[in-house]
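The following block contains the structure, expressed as structure tokens.
Chains: A, B, C and D, in written order; residue numbering restarts at 1 for each.
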């Protein structure tokens, strides 16, 4: 039996709904943008908004429409290569660092591309009949989760683009701010135990969350909330960015090469620290979780605080008892918000949480067959796992077994710090 | 008496006319572009179209309106730095390689900026009274010639941007093609003589054309037209790009580092050689002048042809007897055209001609006072002089004493090859 | 109680013996070298032989003599910085990539330095009295293991230096070759079990092997010997270096950037494949273990072979039943040798074995106090664990819990491939 | 008739003498070196001493012995490639930046190589009979001048190597210092005139000094001595390294990229400025000529001093009236010395003088035939001409028409500043 990324068979009704919901959310994220904003690639990691719009569409065209509909005409012959991200099995992708060199296809062309693919996708979904089409439904479901991942990247990428502009444009100046006083940090203890980690349900999950398997957890304590900006300033005031003994060797090299002196998007003026957000340039909120820190900074902070980062399995165990989640993208806060008093955990939303686990396959891991096997497995090297989602993540995209991953020097995601010991 | 870039005092009527003419041509060049096209910087040498539109406007605001009109309010406080190209005396310019990171100000904002400055400039020009305002008129005249230079860069830059796109967009698919058979190359002899070179008239010229001075010319022969694509293919077929003995050492290093195998914008498909032009992708015309070659390629070709490149003074002497010019930008050919039969020289228009002269100051050279002194003089190092203008140059911008200059590896200008011996 | 790298208290007699033994072996390794050979740094990862000689001596001077002997005069005031490798707590180290710029101190100076430190060390060791000096003895023991690590690097570094020379000098042309027929590869099965891993004895170990802790092992099979050159040629013949689907994304990027087409030190001439060894240039032995492969190549080979690399704990479990070891440095073979028939495992010696485990701290890991805390812990990021030692490792340096680590692109160590599934 | 680098036919007796003299001086320069010193390449521009020893020998073997003596056996088959500097006609040279990766052939091997070639060369020279062997004698003469050029590079290269070493080794601590008070700077005026420049004699000259030709010189004034360290400090104290208006654009970019704040080899300690010399680390002598400045620094200094650099022809004209020369290498001062009072010019020796002339071919320039045609001509691009020799130049190597050339950013030669206006 072929291996697949997805196990659940979605009902066609749900799928049609979900399709419209996800595709519509992508469009909604573009509302505040001018045509010029869609085009810029501010660093190799960042993709232009227009590329995200086209690539997520390419996914459906390439993995659903072309293999399924014999009569289907691709919207444009050059798009197969132009909007391929990294699937070598599909062909030679257009080089990532050159995505920002393209002014054509225009935004309008890309919107037409989306409409063209949407029309065919909706028609196809309308004709799906289980159980025959289970595999197809599964691929469509992956496409939707894939698009949700790119929705988050659209936000972090446009934030980076805007941050390079001395005019400091605001993406959503009208977005609400959530304020509050961060409660005191408490520690929750866990005894040694063998737990089952990874996804064992029958809904959607990525292949990297499988197979569910047992692991032995050693006793540990877990912090009740994320580290705040105010606490991180304590690290800075104590010379955190100037003390090599607090850093991994590669981290210290990055501090010196990049001249890091504070988290990304912070700057200081006469009045004090300010932070560039998707809402615009703001005074730094000491109670909000620190974010846009690299793994190196998270690790150095933890060492300074006489603690460490949790492993991904400690996090997953703690997440089972999580209370109310923090801000997801639907809240339109677009920035991590202070932990609510009395809440347990601040585990989901607000900011991704760096774990001390490098991103590796689970025992018995099998990538999906075909090109989709390139989705996750080939990145299992020199990246660290992050857990829990952020203020830019869709609420129905995340789960406790979800494994996000970035290289340890990455800072442009909404990545924050959770302590364990 | 202060030193100035310009000597002629323009009559206000002329100036108003010229201002509208030049500024209008800039706008006309933008007609074929979509908003996305204004934003891209495809390499550090290239600037986004929108930047050219803003920078040429900044020039008038900075060097004319602000120093002259006490009540003038700059259009936007951030533009002084954002659209400064390289005038250190005006402040710290925004880094050139980052011009392509800006999506704001939008194209519409920049158009408003142009309109705002145009309004004040027209009003100011209307009030000019000689002789009192001679210096001011001179500065405005520089601003217009400056804008004409950027008009040419707008064309060469958008050509480079489009060439990076696998879709090969055409800037002006409707532009006319001029065809013809290149006449046989003839040699015109010149005896030894002392000639006066440089600008000695009372019209406009740049400071680098001054002072006019005498120089001793040795006997030489000068080719009757530019080298053609067909002739350059002969060099290629003879292993030109693989034979180090034909190249300067730095040129050979560039050939290997950049893997040069043909002029920029050529590519080969099953039918033969094609060339990407502002009119779109075309079959290579063997009778048209070769262009988009570096100094290194021009020099290697000349060595292969048992000739050499002319010095800039040989060129200037020969240009005194030039016949009808080739295509300027007004012809809307937008590509070098075959030499007309019987014409003398093909000296002006079509393609800039690399000379064997490094760009150095004339004896007694004095840069202009103030920030405008940075216009030319500080680039007098490691560049070679080009003469004669191109198909992207405005007809009233060029003259026989005009000195253009680029580093020897530059290929994205309309630069061609003239032989001497 | 202070944390230490070493737990065992060595008896002074042993220590004196060990000191002479280890220091003598370092000197013996230099016998085949000319003065010029000591000076070269062929890439940033490689250090000149002379630097290894001085740095291992610096270790004793810095961590033993200076803190212990109040009257001790450092041999040279500049050496503290010059021969510090990476201990920020000791001061600002001389930059690693510049080690090859130094012609002074000369080799003779460095030999004097060694003699000077040896004299004081021997005197000090002679005066040690347990239990009072347990900590000191432990530090000396670390220094000896440290020097053994550098002995291995001396060999891999000089091999790289010689390989850059078109003359292909042989380090030890007289070294013996061990030949044989590699036995068929068999698989040994292991059931699920909880095992204790890490060092739990009372001898010497590094801090990264502690604390011993329990871990849950899933069922697996383990290959009976290392992958051979002949088997690896099968991968190459099957397009292994040209098929992206076999590679991690970072690995495929390395293949393209570095143009990898075979293991390091292989080359092909008319007669077939040859391998550069410390014995000189030789015909490739198809029965010998493949070595000088990166993690990326090991991982790609395993995927091609429908297997995977073992985790470091699977390896450690399998190593408990290991049979006779392969070649260590004392065998003076200086290259991995074919597995002996009937032997179990080929676990120790011959070639380091890449595991699929990224190098991370064990649960409850505590780095040593003081500068020696920088020995291991700060490198726990983006490196993979290798196990088992090589033909360049001293026999008494290795043990089943020993964790070596290198970045996944490193190839200049004697690193080979063990399969699991 | 073939074109040649050299015109004079040397008498065999002279040649034998000269050969011994030049080759002997090379050997003498090595006396202060340890074996380790011969091996280091501290930057791509620098070659190891051993390479210079071998390459100058290779020149005689390749261009004299092999083509002349049918029975001659090359000393080693690999040396043809290994010690080829840049003669593509001879084959593919070993890459320049990798010269420092070679520990073999050893210094002793290279000395054997020299002896072997010397034996054959001496025998050959003994058998030369004019006029038949004129061409051969000319090639030998070039080889001797070539070796003299490398003698100077041996000194500037070992100085750079030693300067990278925190121990600051002295090459010749015993070399004499010449002290004195620099006389006041005076200006000598020259009227407009047509002069003949270039070499017109019948002795040796390089092809780049030919043909002698007439040129028109404009009126100018010429400074009576080189700029001193004390004067250059005035430039530094006046913010010279921080004021972009004083610099060429490329020069200002170099200042920022390289963080230049003073000439190469200067450093400041508590007592004041010090300069690293071939005699060791010394207090800066304010009366000595400033040296180890780039063209950019020379040009910026001249602009600051309201002067300019002379053209190479102005220099050549002024040199005709030069008084007693300064220190050449035979003086064993090994550093520029203060100008003698009353002397005219300080034109020769002490420090090379940057001119404002880019290095270009003379009208009618013809490179020599064959591989020796690569000696000079292919470097005529993006370099500036220096004149007059230095304290590291052999006295019989220099003449008033001699054209040295380096890129404008080069600082490791003994390059100083002469003013004109």
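Of note:
Throughout what follows, contacts are C-beta pairs under 8 Å (C-beta built on N, C-alpha and C of every residue); 3 or more make two chains touch, one makes a residue touch a chain.
The shown structure was predicted, so the numbers you read here are calculated from the model rather than taken from an experiment.
Chain centres here are C-alpha means, and the one lying farthest from chain D is A. Averaging Cα coordinates per chain places chain B and chain C 59 Å apart.
Work out the mean CA point of chain A and of chain B, and you get 47 Å between them. For chain D, the set of residues touching two or more other chains is empty.
Taken together, the chains touch in the following pairs: A-B, A-C, B-D, C-D. On the chain A side of its complex with chain B, the touching residues are 34-40, 42, 50, 78, 81-82, 94, 98, 100-107, 161-162, 164-167, 169.
Contact residues of chain B toward chain D in the complex are 86, 88-89, 194, 213-216, 218, 244-245, 247-252, 295-296, 299, 356-358, 360-361, 363-364, 373-374, 378-382, 408.
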